[in-house]
């Protein structure tokens, strides 16, 4: 018997709980930034979104390696969902980053920030993942090529950050570095909890999407087995692996 | 040790190949003894070309077992590759290069001596036109060159998809010694036209929607079997 | 190795026969220089601006050329022909990347002097050795990524679109390095020597992506 969404309830509860705690910390515990004021608090959602998105891309690449090595299509599904979720989180990261940039520095976009620029480049690359999948009709080939792409793009992420950082040269005076080096204690705690919340949200949504897709595929398989090859109907336009 | 003569040249056991959610080939089982000819019949989309491409190592089997000349596919594909020759719908020749240049390219890839290229060109009667670009040749000439390409590396197994297409009787006579049944090759032949294929065969496999409808000697393939396939 | 040479020789012979790729790349580059002249409103550029223009022009010419790399294979059965041969599949990658590198080198033989005449402020002559060093490494990057991306795109429906949209972000680090390395070479008061740091980054990029391409290429060919 297949079960769908095992452990999903527990994960969802943990996610909601953590995010609630994080929000409480953000609004009631974390100190107000002297320079930027209230708007600085968007950092608690912007940076976790960006970090989780980048990790999601790298994880997508690792899952793609598993797919190519084993030939088992379930890894391709996992890789697809990881990347597609990471893209959504990444767009959120870009938007919140832009809002923060406008509030802090007066511009919607700043080239002097290497992290933001690297992130944009990575997003431009991964935004081509779904168009690539869409444009390959043979399902086996689509899965294989998508995995090749995910591996190349996943390896690209760290390389890109290094190159752009070196290009910008100037160390932009930001409050934080990705390692959270200079955050005072209370901010650090809030940040850590927010990061955990966003990461759990990602994991929960990932599991939900996988469960939904697996259930749909199984339904199609059963319909085909019971009612003949044509009973399942054509799959709608979707980049998702079948 | 299994006696090499006893072991079938081609063995398929439960061969399956999917295309997305559908099965292009579904649980096909057949054995082809060495030196014999298998005719594969069926409608368009029945799986004939897929079967040939799997035997040619161009496609991997998704299920079941495939052995060619005792070597398992896909693990031993690199060994099988040098022992099978495929003559498909496409001639696999670059249109802007001459026949001779194309064949020498294949000869280099297969480690075949250049002299063999010249002998084959003469054998199919293309001596005078071998230096013309392929795009300037008639379909019959292109087909003759394609036959040369298929047998260039002296394969033990020939995979032939409509080998006589585009050829006039004189040309058919020229290629017969290369791909005909007389040379001890093991052959797998597909055709839309059941009549001539059955005549040429020692065994007939009928495919319908990817499944093996029947595996019979040619003498036992009658109107009823053909209706199963095409009706 | 033998297979790599066979494929490369075949491709060069085809190019000589049809002239489909290289002349187009050259013409495209020359037109692009003219466009830059009008778009920027400048008659002479130097330093970072010159490096940027040259880099971008080469990039787009490379993507144009890369798009043609596998077309004959796809349309005339060349993939099957290669896959039926008992050869190492990565020799196709090596052969195509080598062809791409050669095309870029030949392109630069025309385009760089043209750039020197049309747009470059400082004299090209004394700056040539430094520039060649930068371009050699840049061409490697363009060749490897161009081949990889083209091999991915050739089996898609929208191959002319997919190639650039994947290739451009992937090439960005290499482009940054190329433009930054060429800037001091092409500036009026520059030493003429490209900065070591950027050459190193470019070289590392070449090595890393060559290895990645080598590792994944087989999966693009098999079926």
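We call the chains A, B and C, going by the order they appear; numbering starts again at 1 in every chain.
The criterion applied here is as follows: a contact is a pair of C-beta atoms (placed from the backbone, for glycine too) under 8 Å apart; a residue touches a chain by one contact, two chains touch by 3 or more.
All values derive from a computational prediction rather than experimental measurement.
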Farthest from chain A in C-alpha centre terms, which chain would that be?
B
Could you tell me which chain's Cα centre is nearest to the average position of every protein Cα atom shown?
C
Count the C-beta pairs in contact for A-B and for A-C, then report the pair with the higher count.
A-C
Roughly how far is chain B from chain C, centre to centre by C-alpha average, rounded to an integer in Å?
40
Between chain A and chain B, the Cα-mean centres are separated in Å by 48
Averaged over CA atoms, how far is the centre of chain A from the centre of chain C? Could you give it in whole Å?
32
Identify all positions of chain B at which a residue touches two or more other chains, and write them in rising order.
none
Check: chain C positions touching at least 2 other chains come out as 222-223
Which parts of chain A, given as residue numbers and ranges, touch two or more other chains?
138, 140
Considering the complex alone, what residue numbers of chain B touch chain C?
56-60, 78-79, 81-82, 86, 88, 90-97, 101, 105-106, 108-111, 133, 149
In their shared complex, at which residues does chain B touch chain A?
18-22
Listed in rising order, chain A residues that touch chain B in their complex are 138-140, 220-221, 224, 229, 232, 242
Considering the complex alone, what residue numbers of chain A touch chain C?
68, 121-122, 124-125, 128, 131-132, 135-138, 140-141, 144-145, 147-149, 151-153, 155-156, 159-160, 162-164, 166-167
Report the residues of chain C in contact with chain A in the complex, numbered from low to high.
148, 152, 155-158, 161-162, 165-166, 168-170, 172-173, 176-177, 180, 197, 201, 205, 208-209, 212-213, 215-216, 219-220, 222-223
